[in-house]
Every structure is written in C-alpha cells, then in structure tokens.
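Given below, in the form of structure tokens, are the structures.
Two complexes follow with chain A in common, the first pairing it with chain B and the second with chain C.
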Partner chain A sequence: MSVLYRRNIPIAIVFVTVLFFLWDFFVTVPGINTKSASTILTNWGTILTAFTLGFGAVNLFMLHGKHISRRTKGQWPFSLWMLIIIALFTVVGVSTGATSSQYSWLYNSSYFALSATVYSSLGFYMTSGIYRALRAKNIESGLLLIVGIIALARNAPALVAAFPIIVPWEAWISAVPTTSAQRGIMIGAALGTLALGLRTMIGRETGFLGKLTEAERG
Partner chain B sequence: MGKESKTIWDRLEDIPREVLYGILIVAFIIPMLFPFGFPVPISPEVQRWYDFIDKLPNGSAIMIDFGYSGGGEAELGPFAVAVYHHIFKRGGLKAIAMSTSNEGPLLFDKVIAEVNPSQYGKKYGVDYIHIGYIAGTETGMAGVGKDIRATTTTDYKGTPLDQCSIMNGINEAKDFSLLICYTTGGDQSEGWVRQWYTTYKTPYLCCPIAMMVPTMLPYQKAGQIVSLCSGAQSGQMELLVHVPGRGIKSADVITITHILCLALVVVGNIAYFGKKFSGGK
Partner chain C sequence: MFVTGRIFALGMLVAVWIFILGGMELAKRTMPTFRKLAGLDAIPEMVGRAAETGKPVHFTTGLGELHTNMASQLIAGLSVLSYVSELCAKDGVKIIYTVYQSQVMPIATELMKAAYTSAGKAEEFDADDQVRYLSGEQFAYAAAVQGIAERERPAANIMIGPFYAESMLFAETFYRIGSIQLAGTARGYQIPFFAVVCDYLLIAEEIYAASAYLSKDPILAGSLRGQDVAKLLALVLMIIGVILTALGSSVLNNLLKM
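Coming up: the complex of A and B.
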C-alpha cells in the first residue's frame, strides 16, 4: 500500500501531466481544445510557486527560531535580526500594501541599497582576478590573455571609438568560438534535461518523491 | 632566517588587493564627479533594438518583463528608463509590464519615477501598466502567454485589469508585437525564448547584465532574439533617444575602469616576464 501511495500514484500523476503538456504543445486535433485545461494547470503551477514563498518563510522561522532558542554561538543574533526584518517587511507590506510609499521606502533604504552594494563589490574581485589570471604563462593562458584584452577593449566605449578595428575581432570571437562553445553546453544540458524528464516520467528518477525505502524504490 | 628582499618584479607581480581596490575606487569616483565626455559609439545591436521599436505599427502592445533584482538596477535600470523614453516619445504603443522577479514592481516604480511619463502626456492604465509579480518564472510566463486574466485579474496595485483601457483586446501572447526582458537571471532570459518565442514567435529583445551576454549569444545568432544588449550599453540607448542620464555617466566610468584593468594586465605580464628573464621563478 505504501508503495502505491508514495511511489506509484505520484509517478502516475507526473506521467499523465507531462503527457498532457506534450500533447498540448505538439499536437493539434480539430475539435479538441486543450487550451483551457492546460491554462488551469499552468496557473496551478504559478499558485504553487507563490505558496512555496510563504512556505519558505515559515521554514526560515522554524530554522532560525531553533538557533535563537538554543543560543547557537555566532549565529543566534543574526537569526534574531533576520526574523525581525522579515516581520517588519511583512507587517509593513500587509498593512500598507506592497507598492505603498512606506514599503518602497523600507525596500529602497535597506534591501535595495545592500543588494546593489553586494553586487557592485564583484567589480573589485573581478579587477583583482583579471590582474592575476591574465598572464601569458603558457599557450592556453596566452590565448586567454589575447581574448581577454580584446573583450575588455571592446566593452570600453571610448576605446572602441579610438580603435574601431577591435569591433570585428570581438564580433568574430563572440560569433564563432563563444557561440560554438555555448551551443555545445546548451545542447548537452538540453539532452540531459530530456533524459532526466523521461526518467522522471517513467519512474526511474525518484528524487522528487523524497526519501523512499528500498521496497518503495522498487 | 633572514627575510628575502623583494625585487621590483616581485612587487609588481603581486600588488596587494587592497592597493588594487584603492586604485579602482579612485578610477571609479573621478569620472563620476568630473565626467570626461568620452565618445560613445552606437553598437549594431543597440541600433537594431532602437529601430525595431521605432518601426512597430501604431497600436502595438509590448510586454516588458522587469525580471531583475535590486542588485542589477544600477546596470539595467538606465536601459529600462531609456527604452521607456523611446516608447513614450515614439507614441502609439501600449507598454504592458509584468515581473518575474518579486522585486520587479518596486523597480518598475523607480524606472517610471525617473521617466516621468506625464511629460509625454502618457497616463497609467491608458498608455502603460504593470500587471504585477507573476510567480513561477517559466510557469508564470507560460500562464500569461496562454491567458493573462486567468493568471492575474488585477494590476500590481489591485486595480481590475478590465478597468484599465490599455488592456482592452489584450488577452494572450498572440496580442503582443514585442517582448522585452530586463533580467539578472538565466531563468528569465532563456525562459522567454522557450515560452514565448518558440510557442508564439513573439519578437524578443533581451537586456541581461553584461556577464550573461555570452550565454545568450546562441539565441541571438539563431534569430530567436532580435537584439541582445547588455545593461552596460544603456549610454548608447540614451544617446539614440536623446535623453542623457545615468547610462552616459557610467559610460565614462566603464571606459576608465576597463583601461585600468588593461593597464593592470600589462603590468602583471611585464612583471612576470621581467622576473622570468632576470632569473626568478
């Protein structure tokens, strides 16, 4: 019975749902309109995702609540601070609306500024990284150095104006080696995704079912 | 054991990161305070973006995804501002925005405040709108593409869509002549190709952060993206639209910091070879 509930029924649901979406995307049969049903299912997905945001918040409260109650060394003050901030955003958002001037002020003066700061700090690491990594120590690193210099120069507007010859060089690098490599990566990932999807559909991939016993795994 | 004295090559080969960071800050601040006004040539992709919007027939609807987070605002915000200026200046277009990022509605507010649509006589709900954050990324894109009102019945402020005249006759992806996405995430930039271009052949303009451009190039080469511009090119768009702003200011900063990086690469290599030829390891 456990195998039926924990493995077979969920796999059957996944199988039927995937088959339905594949049918909806690839097959058109005159007289049969699957659009409304697929729209409903897609919107269920959107609602479920929105629900998981709330679920994530509850999970954060449980996890960090434990840190606070146990006074985990080096952690609990940060956990407390985080829960206070979550509560503050929630209270202001729910009471005044997520597009109110109060909520916008809170967002702009805290999270937005911090987020922009963290992201912009990448520039410092990149500068240090470029200086240390782009050295012609061998043929491979020499090639990387040449490509790096061309890419850097191409992205500096004034250098492009001064040396327009950089443009076709960079265009060739982007169009041929970069695109070829990216295509290879993308096709590989797509084939992997297809294989994973197929395995999930036929019940060979059971990771999404959570922890199963040996018998349940089959 | 005595401490070995460092040669000039050693010092140049291993400049402390604190020094590099200090030089970078100076290189960043000077052009911000005293813009040099370096030339900013227009790239073909930015011109293509501009031309595509310019040639849209009157009455065309554009779906605009604010799919970025606050971290990317400094780069993508100026581009979004310049494009809104273009849409409003050009006139006769419906700008319908949504967000696949939960910060999107707040960032839309920032962009609109900077554009000030009333200077073009444009009104919210009539000429432009934001239909809110749609959760689920690709699922959300697919849902909106199939039936907007089945996914959301109100705009981001809670006003019913049917009360907004801009939404008259706009129900699904097929009603849009163009899709624009500003994003800091691959889920969005690639998701729109899969969910809208592949399914409905909606022309797609994509503006990710600069470091994402190489991953999106294959889509542009395959014709699935009409134009792929990074947010770092916002100065070029501002020049085309004749509304100089944050993008032009940052163009000088980009030039100076990139020249600094090139100079550091040269110094690092001279030091490496200097040390090698002077007998060091």
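Coming up: the complex of A and C.
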C-alpha cells in the first residue's frame, strides 16, 4: 500500500499527463480536439494552486500567531502588522470585490509602491556586487573586468562620444562570445530538462516524492 | 497526423530519449564517472559550518511553479532540498525552506518530513517553522527572504531553481550577513549575478544532474551519459549546419522546419 500510494500512483499520474501533453503538442487527429482536454487539465492545475493558497494562509497564521503569543524579540511587531494587513486586504477584497476601486487603491498605494521600491533597490545591490566582482585577481576575473568596463562604457553616452570605438567592441562581445555561451548553456539546460523529464516519467527520478526506502524505490 | 513544423523536433526528442535510456542500460554494467561538481560537494561542509555556529540553513527554490515551464528547475531544487534536509536532520541543524508558490508547500513538507524520518529525527521537524510560505508576489517574497536573512542570520544559503530579478537581492543580502552560498539556476540571465556573488555555482544542466550526482545511483548517472551523447549530436548538427549554410545549402534549415 505504501509503495502504491507513495510511488506508483504519483508516477502513473505524471506518466499519463506527460504523454497526453506530448500527444497534444506533436499530433493532430482530424475530428478530435485534444486542445479542450489540455485546457481542462491546465485549469485543474490553476484550481489546485488556488486551493493550496489556503495552506499558505494557515502557515502564515500559525507561524506569526506563535511569534505574537511568545512576543519573539525583533519579530512579533512585524508579525502582528502582517496579520493586520492580511485581514485588511481580505475584508476589503471580500466585501467590495478584487476589481473594486477600493481594493485597487489599497493594492496600488501599498504593495505596488513597496514592490517598485524593492525592485529599485536592486540597482544598489548590483553596484556593490559589481564593485567586488570587477577585480583582476586571476585571468578569468581579469577578463570579466575588461569586458565589464567595455559594457559599462558603452552605456555611458559621454564615453561613447569620446571613444566611439567601444561601440563595435561591445556589439561584437554581445553578439559573438556572449550569445554563443548563452546558447551553449541553453542547449545543455534543454537536454537536462529532457533527461529529468524522462527520469521522472519512468519513475527513476523520485526526489520530488521525498526520501523513499529501497523497497519503495523499486 | 503530425503537426507540421514539429516533426523534426519529435524525431530529436525520441532520439534523445533513446540515448538516455541506452545510457541507463549501459550503466547497469559499468558505472559512469562524474566530473567534480564543487557546489554539490560543498553541501556537507555548509551544513557542518551551520552546526558549528548553531545557525540555520536557508533553502529556496526561487519562483518555481509546478504548472509552468519552470517546473523542471523546481523539481531539481526539491531533490537537493531532500538531501540537504536529511544532512541537517543528522547534524541537528535547523533548515528553513521559504516557499513562493503555495502549491509547493505540501510537497516540500512531505519531502522534508520524510528526510527527517529517514535520519531518525522525525520528532525534531517543525513544519510550521521550517516550511514557511511567504508570498506569491515576487518582491514581497524577496523582501521576506531578506528579512529572514537579517533576523535569523543563516550560516548557509542554498538557492536552486528558477530565479528572476530577486537573485541579486538574495545573493547580496546573504553575502552581507556572511552566509556561505550555493546557487544554481538554468535561467541564463541570472547566472552571471550568482557567479559574481556566490561561493559555489551550478550552471544550468548541472542542477538537473544534482540528484544523480548526490544519490550516486548508477541508472540516474547513466542518463547523464545519454544526455552527453545527445549534446554531441547537437554539436555535430550545428557544425553540419554551419558548413551547409556556408556552402549555400538550406537542406538542414528545411529539415528543421519539417
């Protein structure tokens, strides 16, 4: 029973689903519309995802409820604030609808602004990362330093005006070594995905099922 | 019958699968050798350091979702999560897995529980505290992870999965608090960020090889050999394509459009 429940049924579901989607992608049979079936399957995924949001909400309330009741130092005020915000969004969303002007105002003037702020802070993180990375410690980092300086200079209009030669240099670096390396990585990743997909389909890749015993692994 | 424009792709898919299955069969007779993946070899050291300092290990699979084309990266990350959880359980180190997509929560909880059970420490696993759902919004999730980093100061940070703009936010924040970091992603745009900040890096296909590398299962390892043969085939096709195109022939181009 354990092997059936923990290994065989999940793998059978994966196997059938993958075959169905492969069929849908590669084969077309006149008179049979598999598109609607694949859309239904995709919708099931979306519904399951929406259902699992409940797990997420329960987890948030359990964890942060504990912090509040234990008055965890440096944490509990944030936990309390977060639960208040969840309650506020839920009340406004349920009572006025997720497309109402009230809910949109709440979302745009809180989350949207904060999200843009966090995204903008990326510039500072990148600067500090680059500051450490652009040091010629060995041949590789030396090359990175040279290429980095060329790319930075190409994006500085004053430097482009002073040294127009950096435009074709940067274009060549982007079009030849960078693109070829990216494509190599892409091909490797695609083949890796295929191998992982096949291993999962035939039940050899069981990492996502958790730690199986020898008997369960088969 | 077959969709026009996808016949060659189907042929290639079948060929690659045959190579992989062949590699698995061969591996039953001779175990393939692996090249060293420093990032995966460093995991016990990372967990050991966390045990020495009494700090937790943080793990994230990024913005992976199960019903998009990023699912394979998420699955690869979960395989490593299982391994790291067992190591942490054995060494008495707390592992915190932060969740972006709620659909991953039940899977991760089961997986980590099984890892703790396998290590004989089932009673030490606290799902509410160790599998934390943060948010399904990218920057809310990023900010929450940064908050955990600042407050709980994990000794190690492992990031395997699909990452977007938050990659640098994570890598830099954990660098600042002194965490030892392993990052792996198949998203080309984020690899350079991880490469310059993190201590160890898994590039693209290496994350898919992680479960085979860590388990030392000969059949899984054999699939990697098949994958390498497929890579050779891709290389040969590219060279033939370059030569044919240089000679003015469009045979291969037409074949690809079949």
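Quick note on the criterion: the second predicted complex is superposed on the first by the 174 of 218 C-alpha atoms of A that agree within 3 Å, B and C clash if a C-alpha of one lies under 4 Å from a C-alpha of the other, contacts with A are read in each partner's own complex, and residues count from 1 in each chain.
In this section, a residue touches a chain if its C-beta (ideal position, glycine included) is under 8 Å from a C-beta of that chain, and two chains touch if they have at least 3 such contacts.
Since the model is a prediction, treat every value here as computed from it, not as a measurement.
Visitor: Pick one for A:Ser69: touches chain B only (first), chain C only (second), both, or neither.
Guide: neither
Visitor: Give one of first, second, both or neither to describe whether A:Ser109 is in contact with chain B, with chain C, with both, or with none.
Guide: Neither partner.
Visitor: Once the structures are superposed on A, label A:Ser120 by its partner contacts, choosing first (chain B), second (chain C), both or neither.
Guide: A:Ser120 contacts chain B only, not chain C.
Visitor: Touch test for A:Asn33: chain B only (first), chain C only (second), both, or neither?
Guide: neither
Visitor: Looking at A:Thr90 after the superposition, I want to know if it touches chain B, chain C, both of them or none. Which is it: first, second, both, neither?
Guide: neither
Visitor: Contacts for A:Gly192 in the overlay, against chain B (first) and chain C (second): which applies, first, second, both or neither?
Guide: Touch status of A:Gly192: second partner only.
Visitor: In the superposed arrangement, which partner chain does A:Arg204 touch: chain B (first), chain C (second), both, or neither?
Guide: Second partner only.
Visitor: By the touch definition at the top of the document, which applies to A:Arg135: first (chain B), second (chain C), both, or neither?
Guide: The first partner, chain B, only.
Visitor: Where does A:Ser2 make contact in the superposed view: on chain B (first), on chain C (second), on both, or on neither?
Guide: neither
Visitor: Check chain A for residues that touch chain B in one structure and chain C in the other, and list them.
Guide: 25, 42, 45-46, 48-49, 53, 111, 115, 118-119, 128, 130, 132, 182, 186
Visitor: Write out the stretch or stretches of chain C touching chain A in their complex.
Guide: The touching residues are 1-3, 6, 9-10, 13, 16-17, 20-21, 24, 65-67, 72, 75-76, 78-80, 82, 86, 99, 101-103, 105-107, 110-115, 117-118, 128-129, 131-133, 136-140, 142-143, 147, 151, 165, 168-169, 171-173, 186, 188, 191, 193, 196-197, 203-209, 211, 217, 219-220, 223-224, 226-227, 230-231, 234.
Visitor: Within their complex, state which residues of chain B touch chain A.
Guide: 15, 17, 20-21, 24, 28, 38-41, 69-74, 102-103, 105-106, 109-110, 134-137, 139-140, 142-143, 146-147, 150-151, 156-158, 199, 210, 214-215, 217-218, 221, 232, 235-236, 251-252, 254-255, 257-262, 264-265, 267-269, 272-273
Visitor: Help me check something: in the complex, which residues belonging to chain A touch chain B?
Guide: It is residues 25, 35, 38-40, 42-43, 45-50, 53, 97-99, 103-104, 107-108, 111-112, 115-116, 118-120, 123-124, 127-128, 130-132, 134-137, 145, 148-149, 152-153, 155-161, 164, 174-175, 178-179, 182-183, 186 of chain A that touch chain B.
Visitor: In their shared complex, at which residues does chain A touch chain C?
Guide: Where chain A meets chain C, its residues are 22, 25-29, 42, 45-46, 48-49, 52-57, 59-60, 62-63, 66, 74-75, 78, 111, 114-115, 118-119, 121-122, 125-126, 128-130, 132-133, 144, 182, 185-189, 191-200, 204-205, 207-212.
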